[in-house]
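What follows is a pair of complexes built around subunit A, which joins subunit B in one and subunit C in the other.
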Partner chain A sequence: MARNGLPTATTRTTGSAGGGVGESVPRPDGRLKVTGEFAYSSDLWHEDMLWGRTLRSPVAHAEILALDTTRALAVPGVHAVLTHEDLPTAVRHYGLEIPDTPVLARDRVRHHGEPLALVAADHPETARRAADLIEIVHRELPLVTDESSALAPDAPLLHPGRTDPHAAHVPHPNVVHRQPVRRGDVAAARRRADVIVRGEYVFGMQDQAFLGPESGLAVPAEDGGVDLHVATQWLHADRRQIAPVLGLPEELVRMTLAGVGGAFGGREDLSMQIHASLLALRTGRPVKMVYDRAESFFGHVHRHPARLRYEHGATREGRLTHVSARIVLDGGAYASSSPAVVGNAASLAVGPYVVDHVDVEALALYTNNPPCGAMRGFGAVQACFAYEAQMDRLAAELGLHPVELRRRNAMSEGSTLPTGQRVDSPAPVAELLRRVRERPLPPARQWETSEGVDVRQLPGGPSNSTHGEGVVRGVGYAVGFKNVGYSEGFDDHSTARVRLEATGGEPVATVHTAMAEVGQGGVTVHTQIARTELGVSRVILAPADTRVGSAGSTSASRQTYVTGGAVRNACALVRERVLELGRRRFGAAEPAWLSEELLLADGKVVTAGGEVLAGLGDVLGGEAVEVERAWRHRPTEPFDPHTGQGNGHVQYAFAAHRAVVEVDTELGLVKVVELACAQDVGKAVNPLSVTGQVQGGTAQGLGIAVMEEIVVDPATARVRNPSFTDYLIPTLLDTPPIPVDLLELADPHAPYGLRGAGEAPTLSSTPAIVAAIRDATGLALRRVPVRPEHIAPG
Partner chain B sequence: MEFLRPADWEEALAAKAAHPGAVPLAGGTDVMVELNLGLRRPERLLDLSRVRELHEWETAAGSVRLGASVPYATIMERLGHLLPGLALASRTVASPQIRNRAGVGGNLGTASPAGDAHPALLAAGAEVEAASVRGTRRIPVEAFYTGVKRNALAPDELIRAVHLPVADGPQQYAKVGTRNAMVIAVCAFGLALHPATRTVRTGIGSAAPTPVRADAAEEFLAGVLEEGRHWDTGRPLASSAAAEFAALCAAACDPIDDVRSTARYRRHAVGVLARRTLAWAWEAHRARPDAFEGAV
Partner chain C sequence: MHVALTVNGRPLRAEDVWEGESLLYVLRERLGLPGSKNACEQGECGSCTVRLDGAPVCACLVAAGQAEGSEVVTVEGLADGEELAPVQRAFLDAGAVQCGFCTPGLLVAADALLRRRPAPADEDIREALAGNLCRCTGYETIMDAVRLAAARRSEGA
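Take a look at the complex of A and B:
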């Protein structure tokens, strides 16, 4: 973690106990996960439980004329079959931002795989067979599959009679939300440009592809409520949507986080939560639901596929004159988080560059394609692929090295974004690029060994498709930036309850939040913060549940920042109360209690000068000090609906990549040899953990670059590859060494100066790889994923 | 669902005769996936894992009799010197865990054009040993594939083993997939030089309704090798001959567009693999330590 003379965080910590902020504390669940012993939500079990099953629509768009459940109900072992008719209240829709998603379809299905009916049975196989016996009488409707069919004059409306907040300003009812960003005078700037490049780019539909399928257990309670154990990203947002559908007050829907097998945005929307609860309340029995892999592809939203049209202009000196962009995102059948994705795509559309003249329009469509919503990078990913391709083309036109063009236009602290927001913390865009560029390149022809060709180092790997024939190396660069936390005026808070007490004379802190641990590492970070703030070594993390206030979502790279901030804040309040307790108890006898600045360290109260006043156990005695408090980052503003101006974002994360690839130019196969990343994390609260996050995000960006895509048949809007046989994610042989260079330039507005870290690397790894493939092949490659037939069509 | 568990081969054949609809289950690579996806609901499964003979192999008279359940991991690790083409194909099968369970019998039973073993079996000149209570027969592998996921087995027959001649010359195998491991073939190609008979055999996977040989390419190359006295001299092949061989292999394909690739790409890629594998195999043939002393 070289600091290179740049400013760094000056963290004031009071504790010195081991395992605090800045240390690579190992994950408590790490060993369990790699040995297969970790209990995931799919491992939940209850005496006497039933198994739930969902019947899903086989077609993408149809009028439902009838659902005949007679034969399903007659199957021995079936305890309940529910359709839309059986929903207990008038609240029959849910949604993260707009409640437009039916709990169970009533008279119309809008996408392939939409839930139609539920079955509870005493065996999963019985439930599946019974679901297959439900007769669906339907009449297919014309499909809306792209921008032209969505906006045609006679286009079927996905949601007629919209009343949501965006309905009034969209140009067409099949547009979920549209956000322009306008600044300066693009027409005038275009006249000053010496070079203009225009391009249209296509981004395929990526899936989160988490390994733990949607699953959970709903247990009916004697008080008429339900106890729901589920893998999710935000317990309280789930509960807010679940309770009204069940007709229960929120306090009767008690949620506990079950073991989460990855999320990446795919668990923000509800999946089986309401369904399992409905079946449990109907049957009076615990109900478990576990999606299989195929159903999982229909059980969550995907990353928006996008078409992006860009124009970049620059002077001969390589200064950007203007950028205009039109970004069309396919939101699929329901809104999910499309409006916020649009806001990100629009406000981050030009990338981490200074551009004074900007005309951007981003919108999301309603179509009959699978619903799309949150996924790691959230609208910034698609834009980054396009603007970085444009920057490379501009550099080529100007005869500049791609890094040099970026350096000349890089934003920095004090820059103004196209939204008018001033960047008020370090923005080391040029420095990150410099770092990845200066790394030595991996040696050429690494596949040649003293024992002959090592095919694992070549495109195709053990498939043995080349021994070096046709193989050309390419190098590519990209940089991106991503907002951290919820934007556009959202009240983005978290809550922490911290308790300090003495057990056997030793101080023990308990941290209780509703934070969903989805792999991001909050389980170490929160204990580290408590150790640092309270100067104790023993910290217990209570299970995440709804008995404590909302932690907000494990999304938007925000949990270390926001729930970390809440834990730190609660710890500070606990510390004050403990010191107050000490002053009351000992102040009269020991004047230092009243006159000195006091700290907690190594389980003791000490003066700033290091004098030990008392052990925490003695100060606490039999008392426990407990504080629960909500915490907020600084507020943001909505974007102006016409100009996109506004201080919409809290913080930015920056990452840059250099990709080195070997391309088999005859077969179109790619081996990524190295993916070096430099990222500013503000403060590495847990260096080991954040390095893992950077590598994971980088690998997910590699996936969409060269293989990952949900293929939707344009003729039927049906998903063609809902399996890990045909939806490919990178294996170990596809994932190269990922050297990570962490910068720690403190953001003065954030706890410990930290920056959210999980998403930024997902942005730049994709365009860096595609740039490297372009470098090797000379092809334009305007679409991801790049498939072999795009490089070598034959 | 009834789960039949014969203890030995005789019991297995009797069970298959009594229940011709029973689905044989060995490694489970295909069957378990189909069951889990609900694509298949057989009344009976015939579990062959206890039939010891299926896990054994023996070598006699220049031929390997490879039990249908000998796992790919074993083929890779222990039979590479006898069956180099099949060993190369085995390396490309799925994951290490699956290679520990899966065998050639499953590939043949499923008879998917994408089965990884097929091009190597075709190139080697394998024969399938099919058995029933009625007796045993050997089916040349090219006659075994009768259509998309259909094979020549009678309803009461099981695959006992595959017979492959011990390699008498270099063999190669190459596959294209859109991932560097654990991937279903977009297309695959197997090649075997048979200096003993002065013939060349090929196998193409995933580029036609069944695995196929490129007959015209084989004949063309055999002719070129004969006319140019290449077998006697070890002389390098003209690049024009290699290109024509590749073109004939591509022409032997009858591929489709699907979610994994395009017909056009498959035909092209088979040609590239044919040219490359031929170059590797012929180089290896020329480099044999005992070969062509005093020749050009």
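Take a look at the complex of A and C:
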């Protein structure tokens, strides 16, 4: 990709024979990424471009009385300063599900870091300094920071006069959405329980912490539109929200995916897209915006922190009688994807177990805390931490091994979920647990080497805080399940355009989708599918942009399934047309063409018996065959608002972990020694790539187990640690070996039998680690992240 | 001010540098070398790792003026023309690249490690690369890649 040319070049893949579905094909963008030539959204450059900067609220809740931009405008090099007053149309809010988020705050800010004003200048430092010169006159308002302050009779309302679809059924206007799930008769089942355990669990606020900060380039066009090059997870959803604010028809907002440095849910919501476009349209100059790390912590939503209260009952034989749960998620100041997160938390609240009597309530609050939304695992993660802790406590009460209790209650194909939905594809919950349990344990006391103690293998690591004294090992298990794709009746489709033509006599396939490649390897998968379906070796990937139909979001473990399905479907349609062309050209002379069973393989048309009829180059001649088509998975239904009943999900992913930890019980330091994972991926379309997804998801679960948390001061609702100095994500010294055991039990409803894979490992990794720390220490540990003071108080 | 330095063997000169600019900013925005990445600007993530007179450093923490007259190697200088360096090939073969934003810094750091210690033990790799954050891979394939690069280097491959 040219440095200044934006991503105009295509990514070219020249595979030898093979390179199809099921092989560990290398990434088509790999070479550019290891040479430093891959153009991320923060690398873009344009002649005459300006740098944009956001002024953000220093306080969490305030009335804005005035913004004085005079001094900022006077700074040499400043080209524009924009506030709410400068917005061009009456559409001044956006949002993924509910348009409640101001583009720029008008008279009220609702969270720390909310955007107030924009500056464009000729140097990023000039823009930063000018933004600092904008005077904010404000009056602080009382804070809503938790359930009690949100639901108090006199609580300030975050969004008075709500008209969104959930407003009518929520118990309080500061509840974004509430979803019960009720099945059976919990009161009666409770009387049959021999053992009951109750617990309250707390899940901290996690950040996606993708490394490539929010950034992009907006270029004003002569037709009055804007060309926007950004890192996002869903180009078309961005455009739907951007265009009305700019007062432009969607076709004048042309979006191209720039290189994306990770996402994990944090790029579902808009960040700098509208802001950079406003500055570009105002100044008539290209505008680049790049958040620094501190701003990135304010520039995207986080994983919902949660309080979860559970009751589990079981018979002496270890069969679950009932589960009741109340899950309170803090959605922060704006809705983002809170409603869908609530739906997941409610419908997946009991975990991958058979429970006939269930009473669940999940809800998300509006507060003055930072807005929360999508992050890998999306509502299922918080629940899994709590229900797996409960299963361990039940096992202890019953004198059963934790895996044995889970095995006795494991759901399987044919089971019915608490939502009434029947599981109609393999659900190898017991088998995954068996696999991680039977794996040999890592040797004890690995820090004792022939050259003495290697402190790097001990809790505390190179800080040399123990040589093994006070160090105790523990082992923990967990399993989880996550829905794949968008649920609850959402029209979750994708689109692919596939073209087949001959270049120099050789067939070449071009695949064009709007799928956001965020690192997951979807681009690799598209080349593999095209090779398998069209029998070609050369596949060109066109840049992802809005010149083709929507691919839906790179979220919910859905892209290999849904956009992969769309590419496969478009390839099949291209194949049919190519065979028609061949029949027209050669069928009269060669009766084998009229056989129904013709395949494309190795660049040729062949019969099912293997007879070569023609090269694809000869069939195509000078013609190109092109198909663009949307593709959908089977539909889902909304959950009933009162009972939660409904066929809400399309597919599930299952993963189990065994964690081995060593804990310095005197200092409270934890070393995770090994995190073994077994996961059913249905079909490993790219084994190397899907294994990387499992490992990456596992490591993010480690982060929230023992390290990561956005700390919000309850007195001010201000974020206290917006930096990588104070928000700690796992390093190579914190992350252990992650052996992965892949099962491939085909889902008959999915393309190639595959299962979405990216999120499930993020669920079970966290509870497995905390179970292992409990095993080592005997402590209850009801909160993540587990901190040293929770293990070694005082 | 201006800054003159050698980058990837080429003498270069940046004009109109503001005194507060870092080596990273000058490389990325003034010298046309955006391969080194900016992910934290605090020296915590290692995405901007370059070799400065032989030593791996975070370019975000080096004032541009401090680099005057120095020799800098960035990710763009690892390959020999079209021929990828052993660490670059190993990262591709081992599946150590996902989003790739950490990759340039990790490659420079891994290359520096192998120059210093051609046959590192696993714990040496973990310690040497602990200053380079990766959010995608869980590091397992990065370990595989550095082991693979070390093995290939020792075979002269």
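Just so we're on the same page, the second predicted complex is superposed on the first by the 768 of 794 C-alpha atoms of A that agree within 3 Å, B and C clash if a C-alpha of one lies under 4 Å from a C-alpha of the other, contacts with A are read in each partner's own complex, and residues count from 1 in each chain.
By definition in this document, a contact is a pair of C-beta atoms (placed from the backbone, for glycine too) under 8 Å apart; a residue touches a chain by one contact, two chains touch by 3 or more.
On a predicted model such as this, the values are computed, not experimentally measured, just so you know.
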> Which touches a greater number of subunit A residues, subunit B or subunit C?
Replying inline: C
> Who does A:T466 touch here: subunit B (first), subunit C (second), both, or neither?
Replying inline: first
>> Quick one: is A:D292 in contact with subunit B, with subunit C, with both, or with neither? Answer first, second, both or neither.
In response: both
> Which holds for A:S24: it touches subunit B only (first), subunit C only (second), both, or neither?
Replying inline: second
> Touching A:R439, do we find subunit B (first), subunit C (second), both, or neither?
Replying inline: neither
>> Going by the contact rule set out at the top, does A:G519 touch subunit B (first), subunit C (second), both, or neither?
In response: second
> Thinking of the overlay built on chain A, is A:E666 touched by subunit B (first), by subunit C (second), by both, or by neither?
Replying inline: first
>> With both complexes superposed on chain A, which partner does A:R632 reach: first (subunit B), second (subunit C), both or neither?
In response: neither
> When the two structures are overlaid on chain A, which partner does A:H172 contact: first (subunit B), second (subunit C), both, or neither?
Replying inline: neither
>> Let me test your reading of the model: by the given contact rule, A:T725 touches which partner, first (subunit B), second (subunit C), both or neither?
In response: both
> In the superposed arrangement, what residues of subunit A touch both subunit B and subunit C?
Replying inline: 292, 456, 462, 723, 725, 730-733
> In the complex of these two chains, what residues of subunit A are touching subunit B?
Replying inline: 128, 132, 292, 294, 456, 459-467, 469-470, 666-669, 671, 706-707, 711, 720-721, 723, 725-726, 728, 730-734, 787-789, 792-794
> Which residues of subunit A touch subunit C in the complex?
Replying inline: 3, 24, 26-27, 29-31, 33-40, 42-43, 45, 123, 125, 208-213, 259-264, 290, 292-293, 454, 456-457, 462, 518-521, 688-689, 691-692, 695-700, 723-725, 729-733, 735, 737-738
>> If we count contacts the way the header does, which residues on subunit C are in touch with subunit A in the complex?
In response: 18, 20, 28-29, 32-42, 44-45, 47, 74-76, 78-79, 84, 88, 91-93, 95, 97-104, 107, 123, 125-127, 129-143
> Tell me, which parts of subunit B touch subunit A in their complex?
Replying inline: 33, 36-38, 88, 91-92, 172-184, 186, 259-262, 264-265, 267-269, 272-273, 276, 279-280
